[in-house]
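The same chain A turns up in both complexes below, where it pairs with chain B and then with chain C.
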Partner chain A sequence: MLDLLIILVVLTNLRLLATSRLESLISWSGFQGMLLGVFALLSRWSHMAPDVFLVGVTAFTLKGVVFPLMLLRLAKTVRCNREADPYVGFIASTIIGMLAFIASLWLGARLPLPGNDMSHLVLPATLFSIFSGLFLIISRKNAISQVIGFLIMENGTFMLGVGTLYYAPFLVEIGALLDILVAVLIWSVLIRFMNRAFGNIDTQDLNKLKG
Partner chain B sequence: MTTFIHPLLALIFAPLLRGIINKTKAFFAGRQGPPLLQTYYDISKLLRKGAVYSQTTSWVFLSGPLAGLAISILCLFFLPFGNISACVSFQGDLILVIYLLGLLRFFTVLAAMDTGSAFEGMGASREMTFSALAEPTMLFGLAAIARKVHSFSLTPMIHDITPQIWETGAPTLALVISGLFLVFLAENSRIPVDDPTTHLELTMIHEVMILDHSGVDLGFIEYASSLKMWILGSILVGLAVPVRTGHLAIDILATLAGMVILAIFIGCTESTMARFRLRLVPQLLVGACVFSIIGFLIQ
Partner chain C sequence: MTHEYIFALLLLIPITSGILSQFCASQTKALLTSFTGVFVAILLGCRVVMMALTQGRIFAFDQWLFVDELSAWHMVVLFLVFGLSSLFACVYLGEELREKKLSLQQAKTFAGLWSPAMAAMLLVLISNNLGIMWVGMEATTLLTSFLVCVHITRSSLEATWKYMLICSVGIGFAFLGTMLLRLAAKDLPLDPNQALLWTNLMAHTAFLSPDLVKAAFIFALVGYGTKAGLAPMHSWLPDAHSKAPSPVSAIFSGFMLNTALYCIMRYIPITEETLGHRGWALNLLTGFGLFSILMAAAFILFQKDMKRFLAYCSVEHLGIIALGLGLGVPGTFAALFHTLNHSLSKSLAFFSAGRLGQALGTHDIDRMSGSISISPIWGTGIFASILILIGIAPFALFMSEFQLLKAAIDGHHMLVAVVFLAGTGIIFIGALRYALPLAFGKPDGHTEPIAPARLDAFLVAAPLLLLLLLGLWMPTSLQAVLNRAAGIIQTSPAKATPTVQTDPGGRR
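What follows is the complex of A and B.
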């Protein structure tokens, strides 16, 4: 069951790499957030405690509902180009994604984590999420896609924490989730400013800021 | 004797699959639809007619339908049907089956090119482009299963797909089945890749290649494409329906029921989806390839 969830996360990563519409990018990242919330609950099902439950539910609502809604509203208000403006096309992105997944499997097999008895796919999937997040950040011009790239990277680290430790301090996990919430809030303010200054949210235009 | 059951079943029931698909589509559209046995009527009518040949065609054009039918019947002898072994089975026969299907396509394309019509050449080029993308999906998908069950022959491979394998390897099997299902749609020219009911439209793929065939030849092609649907379907159903009781009647009935459900499912897919733009088809097939490669990688 956990393996199935992890593979769904991997597939959503590939879908994100291959999508060209901003709306579908946002909603697929939301779907991945929901998957991670369920993953957090299921992976510790046998060690369930109130705070563990709270972390899972908070992750589900924040990553799966709140962030996508905020980003969708943001995309609506800045009325940007609905295309995600990739530098790299669909098929090339998918192939790069596949290669990154192979690299992550190889790395994951070489880096055994002590005490990881949940699933041998956690580490490769985590690395793959981080790679895909980075790839989204460097290959898309649109500022909102870059925010999503960061969220995907964070999803990866969240999965690593949840998938390898049966118990992490409640404050640490909730603190990390709150950090992301604040980061998304700040980005949405910044993107609004950017939209006001340049009339679009193309990160290429930031080059014009050179004095 | 039991080994010849699958070819016999396939030869008898293959055209029925199309009838079931059409009935399902008619149900969704609120029509009565053509009779369940319409494909049989069509084929028997075509077999009674004479064929017309263009003067520009050569023996290549004549050999296309014959080779197509011969190859698809040959394929049946290498395929197991659920728990029933294939007539011939050896290590690596799955590669033979995949390339027999490739040979079938090669002859269809050659016959289409032989007419000298630009329209058929276009269809041939599309067919080759898409099948070049579909072939790795099949190879990787079957290789993933082969890795799972440690056998490179179709009969032991399908035979080993038991409920236990489904418990331990559900992700791999699910990924491979979804990849193969997309290939099934593409290879049998179903919606969303191609629309089998349209004629003379610029986006069609398979139908355009057989426009110049008539009479007996067309009957052969229709029958061969029904058989091709059965061939790919029996692989899919063999993976998806893990009923291995060892009791002949139950195994056959379970797999036949699987084929019927597959046909109904295709009917539902076709009724609820529109055909993709031609530009999107390679993306769909690359997606299918990704499914089976991931299935191959995770074990």
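What follows is the complex of A and C.
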């Protein structure tokens, strides 16, 4: 079951790399967030405790519902529905994504995790999520796509945490989730300001400061 | 008062004053509320520092928070930078108020973020839990992002965007590093709530998985290194430093970068001990340090904007500190001393550049020439601080660079010494080329001279005198504190292990 969830996360990453419509990009990232919320609950099912449960539910709500809704509203406000002209095309992105997944599998096999009794796919999938997120950030021009790239990256690290440890200090996990919530809030405000100042949310226009 | 109360107050006072400032009816009141919080926290913090220096390590909240000599030393630097910057903010924002350039909303934004940003940096310094340290570090990015664009313009938005994006990605890497370190300690019989404690990890380095610790160190170095402005991850730094209001640039350069480097300092002994003191982590730091110095040297020669020039200077000096950390105990001693010297001189440089730029309406180096005739106080400040930053004797920064060079030569790292000298030499010449016309050149057009004020004179004289004093004479007590702090980063192969708490619930 855990393996299935991880494979679904990997597939959503590939889907995100191939998507041009902003709305579906946001929805797919939300779907991945929901998957991770479920994953966080299932992976620790045998060691369930109230705080562990709360972490899973918070992750599901924030990553799967709150962030996508915030970003969808934002995309509507700034009237942007498409990543028009990315630095790397969508087909090329998918191919690069698949190659990166193979590389992640190889790298994951070289770094054995001590006492890992959950799933051996966790580390490769984490590395792949981090790669996909970074790739979205550097290959897309739209500010919202870049925010999603950051969220995907964070999803990867979150998966490593909940996919290998039955218990991490509650305050640390919740603190990390809340930090990301604040980050997304700040980004939405910043993108609104940018839209007002530049008339669009294309980060290509952010090129005045150099040297 | 128990330690718990003191630690809680230390964090709550600046946060509360930031919140209270939101209810003030005028700009002045909002700003003063925030600054009051900063100064009360500094007074309390001094007490914590004294306790740590006299009693040794002090813990609170189930050992999640602690202060030892290393964090105490950084707290001293933080208090100096934040205290001086808050005073300078009174001068700088006071002028903006007089010119009616600061709306109530902008003042509230500034006040509401200024003192909580201090709390976030303090949280990083007093965290024994590496996860909480990460949370604090991420909070510094979040809290300071809108300080960069208090005045919303196209360029300040661009700088804020780059700052948020690049630093968040960097901090994301650091989180992965934290997680990997937690996994490296997974098989230890520790209470999971205590497993990320730095003191516990240090006590169990013999049982950590070396491969995972290596991976964790690389991610932490790249992640926190991004926030510290080490090259090649420094690209956000010149933009954010140049576009932020000057008091903010001063805390960025004067302390926020050091906070990130402090996090790396905590990872060094864990990695070195686990890998058997082979110098693996130290070599990486030396490499990043040297690369940052050379990168800064290459860019400094072509700067036109004063604050961008100072920002590249920060890349250089953070590189120097990282290099020192890579050179064993004597190098680390010099690096920690350099932290104070750089923070003081860089704050002064940003104060002067900010105040002069405010009067001249530009930070263009050419158009700022003849600054001493425009303002003898701030003109002297900028001239002296640039000279100090490039390492003029007998100021303290020269001494720490000299100690570092000596550490490199004594350790037979000749290549390191040569590259260090070449990099700082280029910067010396490049910066001197700017500094002389900047101070004594002919003013560009007619500018009203800045009326001297007592606070201005204090803000320039205090750091200068302190740097001069420390350059000429280093008290033995300071030497002892630095030695003990350096000993925390550079542990010797044989060391006693402190007691640890074991896992009562059997959860892992």
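FYI, the second predicted complex is superposed on the first by the 205 of 211 C-alpha atoms of A that agree within 3 Å, B and C clash if a C-alpha of one lies under 4 Å from a C-alpha of the other, contacts with A are read in each partner's own complex, and residues count from 1 in each chain.
Everything below uses one rule, namely that contacts are C-beta pairs under 8 Å (C-beta built on N, C-alpha and C of every residue); 3 or more make two chains touch, one makes a residue touch a chain.
Everything quoted here is computed from the prediction, not taken from an experiment.
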Room on chain A for both chain B and chain C (clash or fit): fit
Chain B versus chain C as contact partner of A:Phe198, first or second or both or neither: second
Superposition-derived comparison: chain B or chain C, residues of chain A touched: C
Which of chain B and chain C A:Ala18 touches, first, second, both or neither: first
Touched partner set for A:Leu105, first chain B, second chain C, both or neither: first
Which superposed partner A:Leu121 touches (first chain B, second chain C, both, neither): first
First (chain B), second (chain C), both or neither touched by A:Phe90: first
Touching partner for A:Val10 - first (chain B), second (chain C), both, neither: first
Which superposed partner A:Val65 touches (first chain B, second chain C, both, neither): neither
Closest approach of chain C to chain B (Cα atoms, Å): 23
Residues on chain A lying within both footprints (that of chain B and that of chain C): none
Complex interface listing, chain C residues touching chain A: 129, 131-132, 134-135, 138-139, 141-142, 145-146, 149, 152-155, 157-162, 164-165, 168-169, 172, 175-176, 179-180, 182-184, 186-187, 192-193, 196, 209, 211-212, 215, 238-239, 242-243, 299, 302-303, 308, 507-508
In the complex with chain B, residue positions of chain A that touch it: 3-4, 7, 10-11, 14, 18, 90-91, 94, 97-98, 101-102, 105, 121
Partner chain A, residues of chain B touching it in the complex: 170-171, 174-175, 282-283, 286-287, 290-291, 293-294, 297-298
Footprint of chain C on chain A - complex, ascending: 47, 111-115, 126, 130, 133-134, 137, 143, 146, 150, 153-154, 156-157, 160-161, 164-169, 171-172, 175-176, 179, 182-183, 186-187, 189-190, 193-194, 197-198, 203, 206-209, 211
